[in-house]
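Letters A, B, C, D and E mark the chains in the order given here, with residues in each chain numbered from 1 onward.
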């Protein structure tokens, strides 16, 4: 168990590390998939299997590919590396570390409810019912958001193509 | 799962968050910045998933699923705008965008 | 007839007459003269029919009575004012005949007479102040009568301003008195006024009566028409200060009285000294007026109130006579186009050309010089006697007063003699025109004034120190009889002065030719005296100083307060600048600076600006971080 | 609870979101109609009908309280604000819109839906989703000017939005985790004792701040307002902002923190900073829209003062300020739109008005109202603000509230500097425009509309009761 | 005549609305309408004066007012704080009545002087009439809110009247004016809110000035009398007092917040300078009377020295500045600063005489300063130049003009027999007899009258005396004496200045009872 946890942790740290230190966008995209897969692993560890599946499908499958498309469309790939410059590194690092320290400090100071983690076997069913009962509004709302985003993205992209 | 473990997951989230912030602040390429945003959102999802395991209603997990979906929407819109920018400005770096200015 | 209205009519008539003349189609002067005459006659009627005091009051401001006080003193002085003004007006018929603004002149004279009568009638000090200011105004208007001439308006302004300073002091004194006693009626004045208001009131009187150091304005005022000088700046207005002192003196603080006495004697001496070396006949008369007013003030100061008032009375006649005489001379010289109509050095031998003027000048001059059998002697000796008593009472330093008074008497006789000799005796110089005889309108006023300068019109006894009018009207309370040497001493000194003058300036001495070469006296000390100890320059410099202060203030206003207080305007600029700086150094600054130092960012330095989305994001996160840190520390 | 009962309840409660449903359906109809016609008139008609119908449904009598499995919450204030949004949306049709009408109005409707849900949200999930909906629409709308600057502003806006929503999401996660509750309605002050959850609330507040353009989350405003289509700006300077503020108000009511709690103080401090930044930022602007945008940032700060002070149940003040602000902003952007149509893009365009006194005069009145000078409605709004702050000071003795008052007063003075710049150019500045520019005239229609706006502001000053009765007219919620 | 105050208040506004619908070409119509409007206003206010009962001796502020009109204007029901109530509450007492008549009179003069405005006549007169109404509103409003609305609303017409029809630096001046006054009025606004929350009438918070002056404070108000409430460690009432002092001090204006005034006066067109000097400054002074001293008598007693200090500094500083001016209008403007200082001193004295004097001085200055600006306008109309150095010896060329100049200059320097003297005198009497003020106040104020004499006389000397000279020969053809219209602007002012100087009780009788009551009211707070 611990080994898996450490492995997953390493995956995430490695992925994030590459994203942080790499200048190559393609590398970063791949590293992102790695990290996302690691996070999916975390979800499994946290008994959130459905979430893990969604993570892999949508994130690793959808988002990363979208980003890759983005890279391809905005950089006519002709063999050269797609590099991104970096700036403000020192202050950004300071800020990031400060935030991390603060959050970590707050986390360590807090007492969490000691209740035992629940084991649920019928997660998918439960979530499905919740979507249509407890969270019906959210469910409807996200449908509409998807529509809006779809129309928006399509319309903007179409215009870009037309011009 | 005991308290200590919760802490570690939360530390992980904080780590992701900080890394995301660093990426957002430093990388010049817009897509790179979007990658950073993904990290930020994932950190939040990790928090939600962490707490979800104590919740019989699984609200955290549900929340995280919604959030994942929204992220896709956000990325798609961002990419559509990016496409327009690339067409118009021929640049893909954020700091080269300076048409909208004060003076 | 209501008595109040009776006196109001007396006061207002001359003004109405003047205005009628101004607005009537023919610009007639007859209205003015007639109305003043009526006013005079009414006053005489009033003197004859009233006895004791009368006072009327009406509420002017709320809780504030404005009252007039009619007693013999005021009536007598009103009669004096109207009488002399009639003479002056008559005289001006000839003097101002060719002036286009003649109607204006008479209107202004009317205003003056009205204000002066008002001043004399006023019971309330505040009302007195009102007319006090109005006589100042009419003086200003009359001095500036020939406003187109160079320097005239400046002199008029200076006269007004010097008076205004003193008036302000007077007003302050009156108001302090009001604050103390809650009553400003002269009739009900009582007890002791404390020192500060006493002094302030005295200063007010000093201003109007041209006491040192306010005396400078009077010499400047000589640019006005000479009949005006006769009426206002010799006979009446300048005496208002003495009148005020006369009214208030019994209640003033003893220290203030001492101040008055000293200022008076200093003024008397100062005027006499300055008069000695003047060439301008009007200047001589002006300084002599200053000197005589000094006597009067000194008289009040030493407690010889009645003598002072008597001197005021006699002085009005002989000084008006002298001024009108001077006017007659100047008029004559103007007509024959002499080089300078006022300079003694261009005169001489006018005895034959202007016989009536000469006679009146001689009589009035003798009165001024304090020769026996003339009015001036009687009154001046009264004052000197008073000062002697004062000195006896106080001893020591107080003897300075009668001593200086006596010396002044001698100086007076000296300059009178010098003036008369230089003007009338000797050979006629620069006389190229044909002489016209004096007209009746000139002769009559001169003659009347000269007549009233003879002792007999005041008392049968040439050695008396009070006029019969005063005794008759019971103004003087009792006869002061001091067997002292003072009268004889003063006679001797006066004679000595005249003799000295004769020996120096008698026809045939080469004084005239010697001096005419240069315009001003050569020696420095004489120059100081000639310019009246530079008092007018002092005023001018005070004025200039003040103007330069005002320049400083305006600079403060424009460059100092304005920006300072435009703090909203300034802050808009500053704040936007600060914001720009924040943008550059705080938003970007630490970022940039650190980045610059960390050498990674050096080459991208130029690419940074606040427009940059990421920098803004960084800024945002920085704030969030700060907030978080704050929480942690909290 | 049985599933059946749940579904039954849901069906029953669905009538409460009738107006939103109508908006969504109308949006879809619009989208389809857009495929049929590009003519703006029928599209505007559909848009208006949708809004009117939705308004009608919104002012139906309902019972206040929680509904739809506690996801949503309803009270009179929310209902009336919803009506206000719908009316604001309706008034968008006075802006001419020649291109992309169908899609544009589709997004506008989506924006309104998002903002209404934002106010009504009771569950953390709905808060997140509605804010994201409003944000997404805003990004798209910003890009809808189809100019280079529009896209640029949109991507920057998006990045800000993404960062803010990430921060907010973390906040939501923390709140959810520590309080173990998903609903605002069960919040109690005791739940918020630990530091981490307070950070969670802070992050949530920050997320809402992004929508309300409160310092330091205001940085997207100038660029966005400058580049987006004016009609869109007019709306999203109003609708999401007010929605966010209503949400904030509800949150703070539920939190019931003591007024001296650090979070409240921090929010007040940020509010003051917002006022100052908005005011002084505007001072430097030469572009009208940027200037107004900074001005609206300052107004956010003023509104925040009304939201956060304990006299927050001084509802009327908030309602007053909001509705006046709505009117003023719509009017200001309408006139800016008219000027932009005929002329160039900076302040000097107002020199035109030497000939067009009516238009510029109307604009002047509107700007003066934005400053807050009588006799215009903006003054009454400021008066309510000041009064409410003063009352808070008296009630709680809080110096922060007093400082807030002083800052507001000071900012009001300073705001004069930039708002009056336009009348200055319009009336006092030397005219250096070419003849062709001067020969341009405004259509009578725009003049009439501008005048109506100005007169409305005057009328509202003299009969403030109107706005109050409007509030009761716009909702029929029983509590 | 019922509701006479409303008619006075609203009539010009009504005419202004009417003007809106008349085509802009009919310039003469606008002039006549404006003249008619202000004439009616003037006639009504004279009627008001006739009907006014001088003998009312009130016991409380609530029965000090006459012609009271009271209607609910805004009555909002608010949850926690009860009703938000604003009243349409008008009334006059002995303090406001003279100012009402004065303002309608000066407005009338202003219209006559506006006759030769050629630019955008329609807009000009509409703004002018709006201005007229709002100034009038300030004087008759008894509801603080209504007062404040009118007080603020003066800014806008004024801003445009200066900014569009003004001189070379008009935009600078108008913006400066606007900003200063807005700044001041916001101070007032803050205090207004404090008072509103602290005062109740019939159980409801109220803006009623009457209730405020009578001191109907709620028990929990920090402003409550004798409660020593504090704000940030400062006494609440003292703070409110200082705020109001700043607010009205800017309008008055008092040094050191006076700098808007010279610019605004100089750049404004002549009729607007007339209104500015004649009325706007009086609004500030009226505010001091009614609100500052009416509501905060206890603090006023405590701070009498401070107020007097500002008064004295204004007198001396304003006067000295006037001395340095080379622009006729600027000189007059600074003289206004100096003169308004006397109002402050009069108020600070807190004696019946001082108060009456301050009031009288306001009326008197309201007559003299318009005349002075008209005089400056005469020369500016002819030559487009007001520089004192450019002229000399005008007396011989323009005798009637010179006569009026001299008359009003002497009135300005406080010559007895004219109204300026009475005001200054009473103020000084107040200052000297006051128990609250030290001796220096009176003594220094008296220096002010010396300075005023200096600058007025110096101006006369430079411009009117001496030999005739003008800087540019081109002006020669314009150097004619006063026209009939100009005479008819100046003559009524001259007559009033002299008549009031001789019979001050014509004005004072209206105010005496009110002021006496005022002082009694104040004396309650004396230590």
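Definition applied: contacts are C-beta pairs under 8 Å (C-beta built on N, C-alpha and C of every residue); 3 or more make two chains touch, one makes a residue touch a chain.
Owing to the predicted nature of the structure, the values given are computational and were not obtained by experimental measurement.
Of all chains, the one whose CA centroid is most distant from that of subunit B is C. Centrality annotation: E (chain centre taken as mean Cα position, compared with the mean over all protein Cα atoms).
Set side by side, C-E and A-B show the greater C-beta contact count at A-B.
Centroid distances from subunit E, each centroid being the mean of CA atoms, peak for A.
Subunit A and subunit C have CA centres that are 100 Å apart. Annotation: 76 Å between the Cα-based centres of subunit C and subunit D. Look at where the CA atoms of subunit A average out and do the same for subunit D: the two points lie 31 Å apart. Subunit E has its Cα centroid 64 Å from the Cα centroid of subunit B. Annotation for subunit E: residues touching 2 or more other chains are 179, 183. In subunit C, the positions touching at least two other chains are 568-569, 607-608, 613-614, 617-618, 621, 624, 628. Multi-chain contact residues of subunit A (touching two or more other chains) are listed as 85, 87-89, 91-92, 95, 99, 103, 106-107, 111-113, 134-135, 138, 142, 145, 148-149, 152, 155-156, 159. In this structure, the chains touch in the following pairs: A-B, A-C, A-D, B-C, B-D, C-D, C-E, D-E.
Interface residues of subunit D, counted against subunit C in their complex, comprise 155-156, 159-160, 163, 167, 195, 198-199, 202, 206, 216-217, 219, 262, 266, 280-281, 283-284, 413-414, 417.
Contacts from subunit C toward subunit A in the complex involve residues 590-591, 594-595, 598, 600-601, 604, 607-608, 614-615, 618, 621-622, 624-625, 628-629, 632. Interface residues of subunit C, counted against subunit D in their complex, comprise 568-569, 571-572, 575-576, 579-580, 613, 616-617, 619-621, 623-624, 627-628, 630-631, 634. The touching residues of subunit D, when paired with subunit E in their complex, are 311, 313-316, 357, 368, 371, 373-375, 379, 383, 386-387, 390-391, 393-394, 399, 402, 405-406, 409, 412-413, 416-417, 420, 423-424, 427-429, 462-465, 468.
Contact residues of subunit E toward subunit C in the complex are 176, 179, 183, 255-257, 259, 262, 317, 320-325, 352-353, 356, 393, 395-396, 410, 415-417, 421-422, 425-426, 428-429, 431-433, 439, 442-443, 446-447, 449-450, 453-454, 457-458, 460-461, 464-468, 504-505, 508-509, 512.
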